[in-house]
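Next, two complexes with chain A in common: one pairs it with chain B, the other with chain C.
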Partner chain A sequence: MRKYILKRVALLLFTFFIIVTVSFVLIRMLPRELPSDKALADIMLDRWEALGYGKPILVQYLIYLKGIVTAWDFGTSWYVEFRAPVWDLLIERLPPTITVNLFALLISIPIGILLGVLASLKRGKPTDLIISLGVMIFVSVPSYVYAFVVQYVLGYELGWFPLTVYPLSIAGGWLTPKMLYSMFPAILALSFGEVAGLARFTRAEMCEALEAEHMVFSRAKGLRRSYAIRHHALRNALVPILPTIVASVIGVMAGSVIIEEIFSIPGVGQLYIRAINLGDYDVFMMNTVFYTFLGLLSGLAVDLSYGFIDPRIRVGEA
Partner chain B sequence: MRKIAALGLVMILIFNILSLTACRAPGEEGEYTYRTYTSALGNNWNPHTWETSADRAVMEYLTTPLVSILPLDSLEGSYQWSFDMAKRVTDVTAGARGDLTKYNVKLGTGVSVNDVDKGYVFEIELREGLMFENGNEITADDFIESMKLLLDPRMKNNRANLYVTGESALAGASAYFGGNVSFESVGCYKTGELSFRYVTESYLDYNYFLASLTSHWLVDTEIYNKGLISSGELVSTDYGTSVATTSSFGPYRIESHQGEKELVLVRNERWYGWQKDDNGDIFSYTSCEVDGELKEQYMTTKVVISVMDSATAKQSFLRGELSEWAPSASEYNTYRYSDGLYRTNETYTMSLFFNSNKDALLSMDRSKGNVNSVVLSSDSFRRGMSLAIDRDEFALATEGYRPQYALLNDMYYYDIYDDPTSRYRDTPEAKAALCRLYGLSYGDGATYKTLDDAYRSITGYDIGGAEAEFKRAFEELTESGLYRAGEEIKIRVAWAKGALSADDNQQVALLERHINLALSDSGFGKLTLVPVARVSNRYAAVPNGEFAMGYGAWGGAAFYPFRNLLVYMDPEYENLNEAACWSPETETFTLTVDGVERTMTYQAWARSLTGSGEFSARDARTKLAICTALEESFLSRFYRIPLVSSSTSVLLSYQIENYTDAYSVMYGFGGFRLLKYHYDDRAWSEYVRDAGGRLKYE
Partner chain C sequence: MEYPKIDKELFRPYKNKPTEELPELSRYGYFEDTFRRFLKHRSSRISISIIVMIALFSIITPLFITRSDTLMDPYYAKLPMRLSVFADSLGIFSGRVERRLGDKGLTRLYAIGVGASYGDSEGDGYSPILGIGESDGRVRNVAVDSYLEVGFIYRTVTKDEYERMTEWERSEGKKLLFPLIADNEYNSDKRDANLWYKTDSEGNAVAKAISGYEALPFFLGMTLEDNYLRDEGGEVIYHTPVGTADAQGMRVRVLYYNYYQYKNGMKPDYLFGTDSQGYDLALRVAGGIRISLLIAITVSLINFVIGALVGAVEGYYGGTVDLVLERVTDVLSGVPFIVVATLFQIYLGDRVGAIPSLLFAFVLTGWLSTANRVRAQFFRFKNSEYVLAARTMGVKDRRIIWRHIFPNTLGTLITASALVIPGVIFTESMLSFLGIVNLGREGVTSLGTLLSDASGIWVNYPHLMLIPASVISLLMISFNLIGNGLRDSFDPGMKGGV
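Let's turn to the complex of A and B:
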């Protein structure tokens, strides 16, 4: 197992390096937009030249790597936040993203699993049909559609919640009651898709587990149905579900670009959009590095988690 | 299972409790909060490096200009200069001729230093008691040192271009900014503790100099220098990027700032303009009489700028949580009769512009998805297009658009400071130029009796004329073998920087319909225009040979229309839209000025009206005559077809009102400075609550 983990980590790092290198080259090759006023354009060109953007890309890349290795310096933002170190910028934007996504996950997991189990137990009955219909709708419709609906109904029509997430000047922190209250519509909008996805997955796994031979055997052995469901069906069904939850937990840092835009959450998703729109290369690169790392990490975590969740599974040891 | 269910219930309970505990507080009595929004919050309000309009918006609360403009009589639309940080600004050229030589000032052609007695050296006397928000006094040294930092060649500050180039360029600034000389050779020097001189690089009228002082370069050098670091070979400062690195000298200071979320400004009690009443409350009056009396200014006690998208902003505004909201063109009709709606026409004229270079067009036909775009190389074809477009109908496709027929629309003024009614487009010279361009005659025996009659009838639309031009183009193009009868024409148009809207598609459909109507019997096949979205720089993409045609707007510099010609005629000034069509550096134009016939290149003519150009110091009427002739000559080449100009609208909440409803190009509706409040925050909260939390503005 240890050998397997080391191999996977080495592969992760290699893949990460390749993606980062390719991204760096592609991002630096993007054309920069210059103002049409030639005097101003000349000043901008001089600035970029002084910042080293005129050097060969390989030299730029080596400077970039040296900065990371020797000073943990991922570059500087010149547009999103003038002269801010991009690492600091990313760290600054993580708390709101994590808060919203984590709460969405905390709501989604129990509700999603609960609905999935319920649907499987009532398979073919009206309850199952209603849940499945809801699941179909919420899986098919993109989350920003709910976001608009939630914002309009809860924020505008009913006025129960603010239209956007509170700033720190009002809420006093990311985990204060005021902040969580203002985040509720965003959390709700993020939860719909997550709940639906989990419910669908749980239902499918539970249906399979309920029809398995060991369940028939359990009942024949004289176990109560509820006991058999809890201890045999659900436990088995959770084996493939839990790794996806592990991936989701890591994914809470990734944020949701559109939800953050709609509810004005200054998170990493919004940062990514701003960096692209403003041509802030170092921020764009930092985000790419960050998302790449998260993606690879969650893939690794999912693979490894199978072995930890169910000791019968031995990954890579066929 | 039970645990999972219990967890879900607990979560729901938590949110219910939170929703009860976290209700929003009502507004406060005696407070007047101005709540506005932006899609991206400014993050760099350093006067030397600011980039976006959001940056500038923040900067304007934190600074006070040396001079600004206030209404004199708002009903008449007359204006006055308000001396703010400056107590006095004097043209001292006559007594400081030595500066002209010392700072290497550019004199007009044939002018010697002894002939000069105005327009080059200006003395600015500062008010007493000016200070930064930290209590540090502001003196002439601060202005000099700030200018030195702005022009520091190591920093390459982008806003240095305001003082290095243009009409109000500072003498010697260009050389210092280029790193060639010391600051001693820059024409900005101290004459007293509270006075300094500004030597312009070339002649500048006193009023235009005052206008240049409405923006400024002052920074708190202590904080500025503390934030200096080197990145590569660039030296930069973090001045004006956070609360800690900002030092206001305007009526407001930053109370809190959360990146990409919110900026809160409160009154800067150290601003020179505030007075205190017996209760300790602060207030301010204008330094000069407006409509016959001193008016209360900066009534707003707090400014909150929040980040939100336009759809959210609309909901927020209708719930009484924003002081203003800008309806889009498609929403304009819903609110057009609202008392709170203020509409402003813009200087920007949207036009079709072309790459008319035959070889470039043929190349694009082979490799850029165009079919027979080479027809655009024909002057007659482009002229036919211009005459075929019904601009009135085109303008109706988008709310707020007005048909246009020239480069410069009716928002330009040729002598604004001496005569605020001197609308460029209303002059006989400008009217006659357009009448000639569109073939309208007037006078005895002509279709129209007077010039005004002819001018009023301009529509730019002449289907008969268009058909004739297209027939002529067809003959030319088929004879030269560039086009075969009946073949389709398909042209990709660099249409928008962003995504295409429904209005865009409707406009393209209208253009196609109008042009095809006139093309039908000409021998040409059907024309298809393919609008292309997300073209980052349309103005470069067309001359560079990426597109045969583009659609875009140009405007600005409303008070000095003569400068605009540089955009079209000086490739060294602007990234020329029509560069692929002609060579203004070599093609010449002949014009009679002062009874003398003169022949110069288009570039030279355009330059002659600005900076140290031959005619830049001449009277406005002479410049007007040259400008209209150049505009007419350029338009007659049909490298660019003006179509419409746009307007912007803003809806103010019932809590506030602009100072005047009569728009003036000089001071708008009175601006934020003279904004009036009908309700304080407490009363406004009650008003909104009584209205059920949702307000109607239709």
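Let's turn to the complex of A and C:
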């Protein structure tokens, strides 16, 4: 197992390195625009000169790597927040993203699994048909459509919630009740798809687990149905479900760009969009590095957690 | 050992039926069989009909709507749906909007109806007021026909055009030209062609009373004092000259609802209403469906071809090829798609256009999963006996790959390709909404462009968002159901998954 983990981590780092290199070259080669303000433009030009933006691309890359290794410096923002280190910008924007997505996940996991289990137990009956139909619709409809509907109905028509998330200055913190109240529509909009996806997955896995022969045997040897379902079917069904949940937990940090745009959540996704619109390419690079790392990490987490959860599956262990 | 003695004649074939009477087991080939199974699913049938209907809508709509889709009508922008066939008789699809208005606004709307019946006893067929709610002291809820709400506008026309307008009035029996408004102290807004009645400087309607002019409260049937421009004889004036001597123009006041008919030869009928700039939303949605489907299907086909080729080679030969391609796959699938799309747009957007660069972005990473599926299937089949037999007989690699193994992968491949379509439609609309892809810049409308056009203003004009969003949702649900149906039909053993 240890050898396998080491191999996977090494592979991850290799892939990560290649992606970062290519992205760096592509992003650094983008034409940069100077602000129209002459004084500011001069300052920027000087700073860029000092940071080596005019040097050959390979030299720039080495400077970039050196900055990361020696000072954890991923670059500087020029337009989003003048001369702010991009790492700080990113960290600053993590809390709202994590808050919204984590709450959405906390709501969706129990409901999703419950619906999935319920559907599988009532397979073919009206309960199952209703759940399955709902799941099919809610899985297919794009998340932003929920966002529009939630925003319109709860925020505009009924007026129960604000249209967009409160700024930090009004709410006083990311976890204050006031902030959570304003985040509720966004959390709700994110949950629909999440619940449906999880319910669909759980149902499929549970149906398979319930049909297994050991289920017939456990009933034959006199176990109660509820006991057999809980201990023999659900546990087996959860083996593939838990890794996806682990991946979702990691994905919480990346968040949903479109939901952040619609509800004006000052999160990582919004930072990305602003960086592109303003042509702030160091921030763009930071976001790319961050998204790439999270994506690779969740892939690794899925594979490894399979091994931890189910000792029978030790993939690749020779 | 004693054997029982059995008569020889008992040994005869049991009911030796002639071959013609064998049940027709092998009447259908694999694909025909799959197709039949597919059509047996009610959900697949419904989804296919929905998609066909949406596609037909996108093709037929431009044929039925004779207004040119470049016609932008700034006066009729962001308006809800209206179909005069229903609006005139049943009162539905009437372009109705709710407004909260005080006396001043209400009087202005009311005056449109009254002003339109000038010199005509026909009454107020042009009144934009559909219904008035209870007053809460200051404002009232008013149901308004948003197409009549525009009321009158000023136009500057040439003499020829004026002739044509009067000709149109005669032939149609509708009034188009209305008297101009006097430019005096009773005209509070010179640009507003709807204030034909006397108002104070605030815009409130006034009437002559004993002690000078007094503000009038609003009530239905109120009498407004007109403030038309008149000549010495007291006759109303319909046009005044404007411009220089060589470019003579005439300033006229027209009722926009009728002016629209004069211009377009038809009543304003908008199935889905109008968009933020005054284009027909139905036309734009139709165009959006065409572009979105076109992009999605193109991506799906390209992925199919590339994925099949790469996956087949990867799966069949394995070894170094497989190892290298696996690393390439790792790297390509590790890049977040949003970054790929952004980079393609920034680098290629100006050079080859937004749509091709979007296609490149989709294809760059899209074929990976297709290739993976094909590869997995090849791993499953390449060592089976029949392949071994073929190889022993000296069949060439190419033939083994395409004729012997590849057909086994077609099921998953077709299913996966069908499921690519909703994914692409969704991603395209998301990227457009976020502004990462800007198809609108090139004058192309996709479903995502419509969403991004509506962003920011849609809370006040929900139809701008609801209609494209519903179309996208319908397409996604249908394509997903088709994908599921295909999966179940290709692999009946898998049945049961949602």
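Methods note: the second predicted complex is superposed on the first by the 297 of 318 C-alpha atoms of A that agree within 3 Å, B and C clash if a C-alpha of one lies under 4 Å from a C-alpha of the other, contacts with A are read in each partner's own complex, and residues count from 1 in each chain.
The working rule: a contact is a pair of C-beta atoms (placed from the backbone, for glycine too) under 8 Å apart; a residue touches a chain by one contact, two chains touch by 3 or more.
Note that the structure is predicted; figures quoted are calculated from it, not measured.
Looking at the shared chain after the overlay, A:Tyr306 reaches neither chain B nor chain C.
When the two structures are aligned on the shared chain, A:Ser132 is found in touch with chain C, with no touch to chain B.
Contacts of A:Tyr4 after superposition: neither chain B nor chain C is touched. Contacts of A:Glu92 after superposition: chain B is touched, whereas chain C is not reached. By the touch criterion defined above, A:Ile276 reaches chain C but does not reach chain B. Touch criterion met: A:Glu261 reaches chain B and chain C at once.
In the superposed model, A:Ser140 lies in contact with chain C only, and not with chain B.
Residue contacts after overlaying the shared chain place A:Tyr79 against chain B, while chain C stays out of touching range.
With both complexes placed on chain A, chain A has more residues touched by B than by the other of chain B and chain C. Judged by the touch definition given at the top, the superposed model places A:Gln151 against both chain B and chain C. With the contact threshold set out at the top, residues 148, 151-152, 155-156, 163, 261-262, 277 of chain A are in contact with chain B in one structure and with chain C in the other.
Across the complex, chain C meets chain A through its residues 327, 330-331, 334-336, 338-339, 342-343, 346-347, 422, 426, 429-430, 433-436, 451, 455, 458-459, 462, 465-466, 469, 472-473, 476-477, 479-481, 484, 496-498. Per the touch definition, chain A reaches chain B in the complex via residues 31, 33-34, 36-41, 43-44, 46-47, 49-52, 76, 79-84, 89, 92, 106-107, 109-111, 113-114, 117, 148, 151-152, 155-156, 159-164, 167-169, 177-178, 180-182, 184, 230, 234, 261-262, 264, 266, 270-271, 274, 277.
The touching residues of chain B, when paired with chain A in their complex, are 1, 4-5, 7-8, 11, 14-15, 17-19, 21-22, 24, 40, 43-44, 46, 49, 51, 156-158, 160-161, 164-165, 229, 231-234, 236-238, 241, 255-256, 258-262, 264, 306-309, 311-312, 315-316, 318-319, 321, 536-537, 539-540, 572-575, 693-694.
Across the complex, chain A meets chain C through its residues 11, 15-16, 18-19, 22-23, 26-27, 30, 119, 123, 132, 135-137, 139-142, 144-145, 148, 151-152, 155-156, 163, 200, 203-204, 207, 257-258, 261-262, 272-273, 276-277, 284, 287-288, 291-292, 295-296, 299.
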